[in-house]
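Next come the structures, one after another.
In the two complexes below, subunit A is the common chain; its partner is subunit B in one and subunit C in the other.
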Partner chain A sequence: MIIGGTRIRLEARLTSPRWLVVVVPVFSVLFALVVGGVFLLFTGHPPIRTYRDLLDNGYTSFYGLTDTLGLATPLICTGLAAAFAFRMNLYNIGQEGQLYLGMVGGAWAGIALAPHLNQFIAVPVVLVAGALFGAFWVLVPALLRARMGTSEIVSTLLLNYVALNLINYFIYGSRGFFRDPTTPFPQGRLIDESARFDSFGTTNTYPTLIISILLAVFLFWFVRRSNYGYETSVFADSPQAARYAGMNSIWLTTSVLLISGALAGLGGAMYVVGPAGKVDPGLLQTGLGYAGIVVAALARYNFVAVIITAVLFAGLRVGGSALQASSDPVPIAIAVVLQGAVLLFALGGEIFRRNRVVVTRVVQTAKVEA
Partner chain B sequence: MNASSEATQGSHRENGATPSALSAQNVTKRFPGVIANQHVNFDVARGEVHTLLGENGAGKSTLASILSGLYRPDEGSVLRNGKEVRLSSPRSGLSHGIAMVHQHFRLVDRFTVAENVVLGSKGLSFVLQPKDIEAKVSEISEKFGLPLDPRAVVGELSAGQRQRVEIVKALYHGAEVLLLDEPTALLAPPEVVKLFETVRVMTSAGKSVVFVSHKLGEVVDISDRITVMRDGQVTGSVKRGEANAGQLAELMVGREITLAPRRGTLDPGDVLLSVSQIHLSHDQSQNRPNQPNILSDINLKVCSGEILGIAGVSGNGQRDLAEVISGLRQPNQGEITVCGLPIVGLGARATRQAGLAYVPEDRLGTGLAPSLSMVDNLLLTRDRGFLVDRKSAFIEAEGFIKKLEIKTPGPLTPTRKLSGGNAQKVLLARELFSSVASRVLVVCSPTRGLDVGAVEAVHALLDDARKNGKAILLISEDLDEVMTLADRVLVLYRGSIVLEAQGIADDLERVGQAMAGLAS
Partner chain C sequence: MNSNVWLLTFADAISIATTLILASLGAMITERSGVINLGVEGYLLMGAVTAFVIGDSTGQLWLALGSAIIVGAAMALVHATLTVTLRANQIVSGLAMVIFGTGLSQFIGKPIEGKSRPVIIEKIDFGVLSDLPIIGPVIFGHDPITYATWLLALVISLYLHRTRPGLILRATGDAPATVDAQGVSVKRIRYVHTVAGGALMGLGGGWYMFARAAAWNQSATTNGIGWIALALVVFASWRPLRAIAGAVLFGFCLQVPFTLQGQQINILPSEIVSMFPYLMTLAVLVGLSTPRARRLLGAPKMLGQPFVRDER
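On to the complex of A and B.
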């Protein structure tokens, strides 16, 4: 690009300094806020005050922060699910559906099994059931991908719609197992009390947050130290090298996708043992599955960073919804614009991490015509 | 325009002050972190073959790319017939009569020869006139001794024939200066001879040829002049008759090197690798029933303390043979034993455990995972257990770096940042010293793309391994390499062994002819 005798171009960096890993995302968020500010100005809302309200409602007030942490709990799980598959170049984008199935599995275990169980194992059983249902939902795409090379992107995406309609059917379309039999009003049947966590005090944060965080830390350690993590790294970098070393690519592909599905399913089950206590169609509106992909991408598939990006993202959500209720209501769409802008700038910022901007003066030379 | 420039050329020649057909003056080209060309001067006259000789990374391909219009120089200029030209693309190069034939052909496999030749032409009629084009293609191919069937589909041609298509294409588009980038890399020796004949016909027709190569031996025959490059600079230039291979090698590498053959000195011991009656047919799912087998009736034995060389032109089943022996692919029939253990059907890990190590042709991507560190790559063929033991691998890596003089910032640097020679050292170190007590080594094209210094190091490693009693199967497309290293040589042609030659005494010509399918 040449502007007024100055040429600006990008040049590949041979090494990218460590500080850029932090600086680029921070600037990405700042630029996103500037872009969001333009939108706010056009819609007649003072940007500074709106941002202050957003910050307050999403992060800095006690209830704002605890709401954010509550929402982040399942979001960490879907973020881990996406990161786990994506870092192996397996694009499971069915976290949404796997999350719903996790909710269904958790509710089933909570209703059918929990009453017969010891109080201490009821919650773990519900969580495990959710994980298994989530894994089950990705089983067919995983096998198709591993055996026949069918695109997991398409198959997992399509199954999201199946899962969505399944939930609607369970609650609105039938009077089946998951629907509350005590009322004509369409809502889910509550699971056994023994299988539910109490929230911390009067907040919306549940002990499942600790499980999510521990899980992220465990995965961080696991992929770095275990043989399984090592094999997935080799496979991600070069499937030929993995084949050369005699690794079983079918097993690796299938198991990675199943674990990814299980993580998303766990997120759904956490919603059941925590705030919902039932199959709740309200989850369908939150889009936590798709948001998991964004969270993972922002964290650059680093499991510990997923915790941070999930909290950041959840805060935008919580703060954004709170703005609607303020005296000068800001539409939720603005919060969505902000999320989109953050993602776009964060991913675009990659260019500046890998390249540097070189500005040179262009000396106009007389063109010699041959 | 062409005619007039030729006329001025003629008059200049009489005056004895001919401007070069094409020249680069004081050209500098930088890429991030390297200066690929530094104040380079180069020229080629009408009717001349001027060779650009240098190791990989010496900057010769960059210079060729600048001369053909693919790159623009940061400093300096390109002159055509003495006038400065600004080449903004290969197409503008072509409009000045400059064409480059790349090492990796740029042809459409599903098109015919004629269709490929006219590809990219301007001013074709809306409805193609195949007859006219075919006639023109035939005319060019006859004139320059490039036999080709204009109606043949390119995907079915051999490497040598494809190269002819590229040359005919350049001539069809009016090329006066041809830049041939590593043109002999994929050819069997008889095909090289044919190529050289064509080059002579072209130069006698007044065309100029720039021959880019890193193979010392062959360039001496063909060139009128040889210019040697090293580290982006011209280190010397010699005329026909003045050249001597040792001298040129010194100019290329910057120090004296030995080109002496290495031979086994020990008597071969026990048979460690035995392959009998291996057949491998095409994948049934591809549904090409008329294709011959990929490998048919392969029999060979390799003893301890011996290197068995497999020569052949690329694509005659070498890779498949290596994969079958290393357990990565199952043959349709046949027996393979490694150190006495039958391994067919056991898979790569079990084959390795039986004592076989394998250095694949594709070193970065198959033999090594490119983004992973040297430490992680040393772990690749180990028994790893549940938790990975990086500590011992780190110590091992440090040892290898010292012992083999591997140039790397450290054991944790991704292997893709290593030069080809250093990456190959890492791979060889793992396969020779680190893998579970390997006694058999299968190596494929171990020095492909490496510079002379690294070739020397790799050959020394293989020679040492032989002295230490390993059985080595060396599969290489580089005939010189096979002939210098191997105790016995087999020639693979279309999936069969067509010739077995014993030692050096056997004449090179017979092996060369067998590679081209002319075995008696």
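On to the complex of A and C.
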């Protein structure tokens, strides 16, 4: 491209400098705030004040920050779920449904099993049940992808709508197992006390946050240091090379998707163990599954970075809810607009990581005067 | 229950198929050029909310639909810039557009939630023909956009298979290097068809708002129709005319839960019946994954692959 005597061209980089890994996401967020600001301006909300309120309510006040950390807990899980699958070019976008199923699985274990269990293993059992239900929800797409090559993208996504209807059925459509029998008001049946965590003090942060963080660190270590992690990395770079080296692609594809589903399901179970304590349709409003994809992409599928991006995005959501409830209500959807915009800019910014922008002066041959 | 109800369901299916056809035609020409656009759901939502807002403030139906088209094209332009020029991951870019479109449509749609439609698309009055039994409601009971959509499918089909630009388009999806060697710009073809595809998706959303949706609903205006349209592209094996038949079939599945509800038939809870279209779509995808079906499908060979000349 030539503009006014200078030529701008992109040159592939062999290695990308470390600072760009930070600079690109930071600028993506800044640009997204500008885009969001334009829409705020058009709808009559002063952007600067709105953003200051967002910052206050989502991050810098004590209860804002602890609410954010509480919401980030399951979001880290869905982010890890997306990162784990996406880094292997397996696009599981069914975290939303797997999260719901994790909630169902967790609630089932909390109601049916927890009363018979020792207090110390009740919570782990609920979490594991959630993970298993999440994995179960991705089982069919995983097998189809591994065995027949059916695109996992559309199949996992379609199951989100099935899961959504399933939750509605459990709470509104039936008087079954998951519904509170003591009230005609449609709501979930509470799980056993022994299977619940207390929050830290008066905050909305639960000890499950520590589990999420440890899990992210573990995965970071696991894919770099384990044999299995190495195989997934090879498979991600070149499926042909992986097959040539004797790796079992059917097993790798299936297991990666199942683990991804389990991670998202675990997030749903954490919601049960923590704030909800039951199958709660409130989870359907949070969009944590879809946000997990954004969180993972912004973290460039780095598991530890997912922690940071998850907290950032949870803060948007928490701050957004506060804005909606304020005297000058801003629709909470602004949080989702910002998420989408951040992701779009981060994607565009990738080119600067992979390429160097070279600007050279073009010596133009002077036109001969007549 | 009488057979008339099912006839009306079928007529409704043909009507709802319009959005599915428009969206899948859009996705189809995009994919034929080698670009995947997974953002359909986001385009439909943005098209719907734009059409509503413009229709509400001006009362002009065609202006509203035109704005929906422009918004769809603009979103697709962003997608094309990211994926063709900046070579970003097409799948993630499409998903980003779904998230962005969902968020922005809900942001814009907040003040109009629950408001009734400002304008509606009138059905064409064919006089005597509309009163004919069976074919009256099924064939002569629709609005102009529906008929235009059928015509459009035919035109795109002819364009793809009977014209030189159509040949180049198909070649771009199958063998971009060859197209490039012919001296034709792969980038330009991908840009043009991605943007045109987005415009069709936007129109699909706008039409849906005025013809099918009762009002703007924050959480369930399009209800996953965009994703069903993507499955429909595979079902129609990237051929426009087959998309019509497929869309009617999928449309029927979308319509059945409403019919059962309207008839007070409660064999199954409504939530379970509502899963039906998605499960059916999934079943169709599975059926199309058998090796035999795969051979017959003929997906664009370089679908989703960015084209970089230097690497050749």
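Basically, the second predicted complex is superposed on the first by the 340 of 370 C-alpha atoms of A that agree within 3 Å, B and C clash if a C-alpha of one lies under 4 Å from a C-alpha of the other, contacts with A are read in each partner's own complex, and residues count from 1 in each chain.
The criterion applied here is as follows: a residue touches a chain if its C-beta (ideal position, glycine included) is under 8 Å from a C-beta of that chain, and two chains touch if they have at least 3 such contacts.
Fair warning: this is a prediction, and the values are worked out from it, not measured in the lab.
Using the contact criterion defined above for the overlaid structures, shared-chain residue A:Ser155 touches subunit C, although it does not reach subunit B.
Shared-chain residue A:Val234: touches subunit B; no touch with subunit C.
Looking at the shared chain after the overlay, A:Val337 reaches subunit C, while subunit B stays out of its contact range. More subunit A residues lie in contact with C than with the other chain of the pair subunit B and subunit C. Residue contacts after overlaying the shared chain place A:Ala245 against subunit B, while subunit C stays out of touching range.
Once the two complexes are overlaid on the shared chain, A:Arg225 sits against subunit B while remaining clear of subunit C. When the two structures are aligned on the shared chain, A:Ile308 is found in touch with neither subunit B nor subunit C. Overlap of the subunit B and subunit C interfaces on subunit A: none, as no residue is touched by both. Across the complex, subunit C is touched by residues 39, 43, 86, 91, 93, 140, 144, 148-151, 153-155, 157-162, 165-166, 168-169, 172-174, 285, 290-291, 293-294, 297, 331, 333-341, 343-344, 347-348, 350-351 of subunit A. Subunit C meets subunit A in the complex at residues 38, 78, 81-82, 86-89, 91-93, 95-108, 110, 218-219, 223-224, 227-228, 230-231, 234, 269-272, 274-275, 278-279, 281-282, 285-286, 288-291, 294.
Residue ranges of subunit A in contact with subunit B, taken from their complex: 11-14, 225-227, 229-230, 233-234, 237-238, 240-246, 367-368, 370. Put simply, subunit B touches subunit A in their complex at residues 32-33, 80, 83-86, 96, 327-328, 347-350, 352, 358, 360, 362, 365-372, 376, 379-381, 384-388.
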